[in-house]
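Both of the next two complexes hold chain A, though its partner changes from chain B to chain C.
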Partner chain A sequence: MEDEIMISVADFSKYPSGRDAQDGSFNGEKYRTTVLEPALQRAISDKKIVCVSLKGVMSFGSSFLEEAFGGLVRKEGFTKEQLKDILRIDPGKPNLTRYQKTIWTYIQNAK
Partner chain B sequence: MRKLSARHHRLLVKKTRHGNKRKPRPKFQESNSRFVPFEVEVWDGKDVETVTCLNPATKPPSVICLNKNTDETIRFLHHLSNSVSGLKTDKKKQTDWIDRKPNRPPQIKRYIGFEDISVFATAPALILAATYERAKIATGKIPPAVNFPNWSPQAFQTLYEIGFFEIVGHAPAEKIKEVYVEKLDSSYKVSKTLRGANADGLEEASDVISELLDYLSIDEAICEDLIRDINSAVSEAMINVARHAYGESFIAQSLKVCLQQWWMSAKADKSNNTLTIAVYDQGETIPGTLPRREWYKEKIENAMRSVIPNFVYASQHGTIDHEFINYSMKKGKTQTGEARRGLGLPQMQDLIDVCPDGTLSILSRQGLYKYDKDIGVYKRRLELELEGTLVEWKLTLPRGAR
Partner chain C sequence: MMDGIHLYLSAGVAVLLGALVASVFTAYFNHLSTKNENINEYLKDLGEIEKLCRNYWLFEGPMDEGASQLGNLGHELRAKLDATASFESLSKSILGERYDQFTELDVKLFMAATGGTFQTQSFLPSPEVYGEVMQIITEIRALLRQQRISLFWAR
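For the complex of A and B:
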């Protein structure tokens, strides 16, 4: 869709894990600050939405998901309502739907 | 006249009956007269050498398995950790595994005999390899393998496949490949030990798991999802090591060399279609790190005082370690006290729930925590401490359709 900015977690890493550099190279903080947050800012200015694809990712550690997505609320200042409007999680496969739900839970629980 | 004390009275009665003779102590020579030092063959990766062994071989239990023979296996690993040197000072002393002096044959004090091992599970083999790796680094010398052609097939195959010989510095181990081929049981396969400091080793671990699932001929349709779930759980184990196992104060206070890493291996067994994955570290342990924060101590003390009046955390060292592990398995329970954290350990358990059948075992310090998909949680105190933390998943998989 033209109104969507498509990004794929697998382009960052097929094996993302951990919160920050202490945990590993492809961590949630790095993904949030280098990929996710810039894409969301662009989406706001261009009046688009960001679609994050989970297809091809081979690990979904809770630390990575909470830091990357929950961190948008905790650290980047996005509101939960705002994210519902500008962020879409595409599981890519039916089997990945539970990770899609997990991501929204982390966003919802973030303080 | 002064009254005799009871002790003095007993002494006088004894002297009257047996005279003033002391019970002769057995002489050193006599007490050792049954044991005669014997010759063994040692191999340090170069040449086979005959040396004299001064003591009988230490016999591990024939079943070295933390599931089937927990306490005896822990006792063996405890003994191993204390007897195989890993002390920080050892390099300075330049101790050697083989005692060499002029005008007499080389000697070793003792060795561990693997001749009678009927079961050697992956997790204890991994711990053994980690213990010897540290000892090699602490001493700067390669520990020799003693009488390895006589090791039982189970012990030899497991240690060979897990990469024990390479880990302790026997590379290239081609020389012993003949023995391996001779003893090989092709109904199971153990992966080479991987090591790392954080989750950067996840891709390599994933490849190993993938290979083993392929070996078990697991249906490709479920393979990808299974590997993904395994990776998610294993990555959290790796992160736990990176984040909690080797704190600065622990490293500073530890008398032993800290390699600050995790060790991982896995086993695929065709006989029961199981995949076992073990991640081990030699760090501060879950019960050791969880109560670091004062808020946590207070919380535990308040909770426990309803059961044990005057409960003080420090005095309970070891006795409720299984409860600490159990507590940390609940979502949001961690040393940081933040609800968004402490998700990793529960996710390790989630893997069991998404698999058809399986168990998660966590052994840390003196606590054992086991989660079985059918039975639920089982926890108890271990007789002796395990050094560090072991996380083991045993997954029973559906028979392959390939």
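For the complex of A and C:
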């Protein structure tokens, strides 16, 4: 879709893990700061939405998801309402809907 | 003569109807058995998740020497949780009106078992996390047992 900026977590890593650089190369903080946040800023300026595809990822750890997505509210200053408007999570496969729900729960719980 | 033919035809129709009813019941009970097998397999996986969570979140080895063992436990736990995600995609037809309650508990279990300091350098064993995981697993087991009772009218 033209109004969507498509990004795929699998392009970052098929096995993302941990919170920050201490926990490995494919951690949540790195994904948030190098991929998610720039894409969201671009979406805001171009009046688009960001669609994050989970397809192709072998597995997630909650710590990665909380740091990457919950961190958008805790550390990058996005509001929950703003993210509801400009962020879409595409599970890609029915067995990945658990992670889609987890992401929105972390965004909702972030303070 | 005609009476004999009618009797023969009636018997034939009765046999056909009987076979039809039997095949419908067989298909229905096979369907229920498949659902039951899926629930049983999931309950077995849940037992393994319980064991892996105990070994990971109550890890007793020295953290430095045991880092590799701890790392492996983390990967095993994560892989087992991922394997159960396929049940979540099947569970709508199995759980009916209990589906929403199940998915909520499934997300809670995933968040508790792999959240916080899971697979991070700051990991410390946590009886609190283990306790939370056990509570969620107990709730899931209770829900699945209730569903099995609803499906089969028996334990």
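Everything below uses one rule, namely that the second predicted complex is superposed on the first by the 111 of 111 C-alpha atoms of A that agree within 3 Å, B and C clash if a C-alpha of one lies under 4 Å from a C-alpha of the other, contacts with A are read in each partner's own complex, and residues count from 1 in each chain.
Heads up, the rule we're going with is that contacts are C-beta pairs under 8 Å (C-beta built on N, C-alpha and C of every residue); 3 or more make two chains touch, one makes a residue touch a chain.
All of these numbers come straight from a predicted model, not from anything done at the bench.
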Checklist entry - For the overlay on chain A, clash or fit between chain B and chain C? => result clash
Checklist entry - Just chain B (first), just chain C (second), both, or neither: which does A:N95 touch? => result both
Checklist entry - Taking the superposition as given, does A:T105 touch the first partner, chain B, the second, chain C, both, or neither? => result second
Checklist entry - Looking at the overlay, what does A:S17 touch: chain B (first), chain C (second), both, or neither? => result both
Checklist entry - What is the contact status of A:S62 with respect to chain B (first) and chain C (second): first, second, both, or neither? => result both
Next on the checklist: Just to be sure I read the superposition right, which of the two partners does A:S8 touch: chain B = first, chain C = second, or both, or neither?
Outcome noted: neither
Next on the checklist: Per the contact definition in the header, classify A:T33: touching chain B only (first), chain C only (second), both, or neither.
Outcome noted: neither
Next on the checklist: On the A-aligned overlay, A:Q41 touches which partner chain: chain B = first, chain C = second, or both, or neither?
Outcome noted: neither
Checklist entry - So which chain B segment collides with chain C once the two are superposed: 150-158, 276-284, 294-302 or 312-320? => result 276-284
Item to check | Contact residues of chain A, present in both the chain B and the chain C interface | outcome: 17-19, 22-23, 58-63, 66, 95, 106
Checklist outcome for this item: chain A partner, complex, touching residues on chain C are 74, 78-79, 81-82, 85-86, 88-89, 103, 106-107, 110-111, 113-122
Checklist outcome for this item: So, in the complex, the side of chain B touching chain A is made of residues 198-200, 202-203, 206, 225, 227-228, 231-232, 235-236, 238-239, 242-243, 339-340, 343-344, 346-347
Checklist entry - How about chain A: which of its residues touch chain C in the complex? => result 17-20, 22-23, 58-63, 66, 93-99, 101-102, 105-106
Next on the checklist: Help me check something: in the complex, which residues belonging to chain A touch chain B?
Outcome noted: 14-15, 17-19, 22-25, 57-64, 66, 70, 74, 95, 106, 109-111
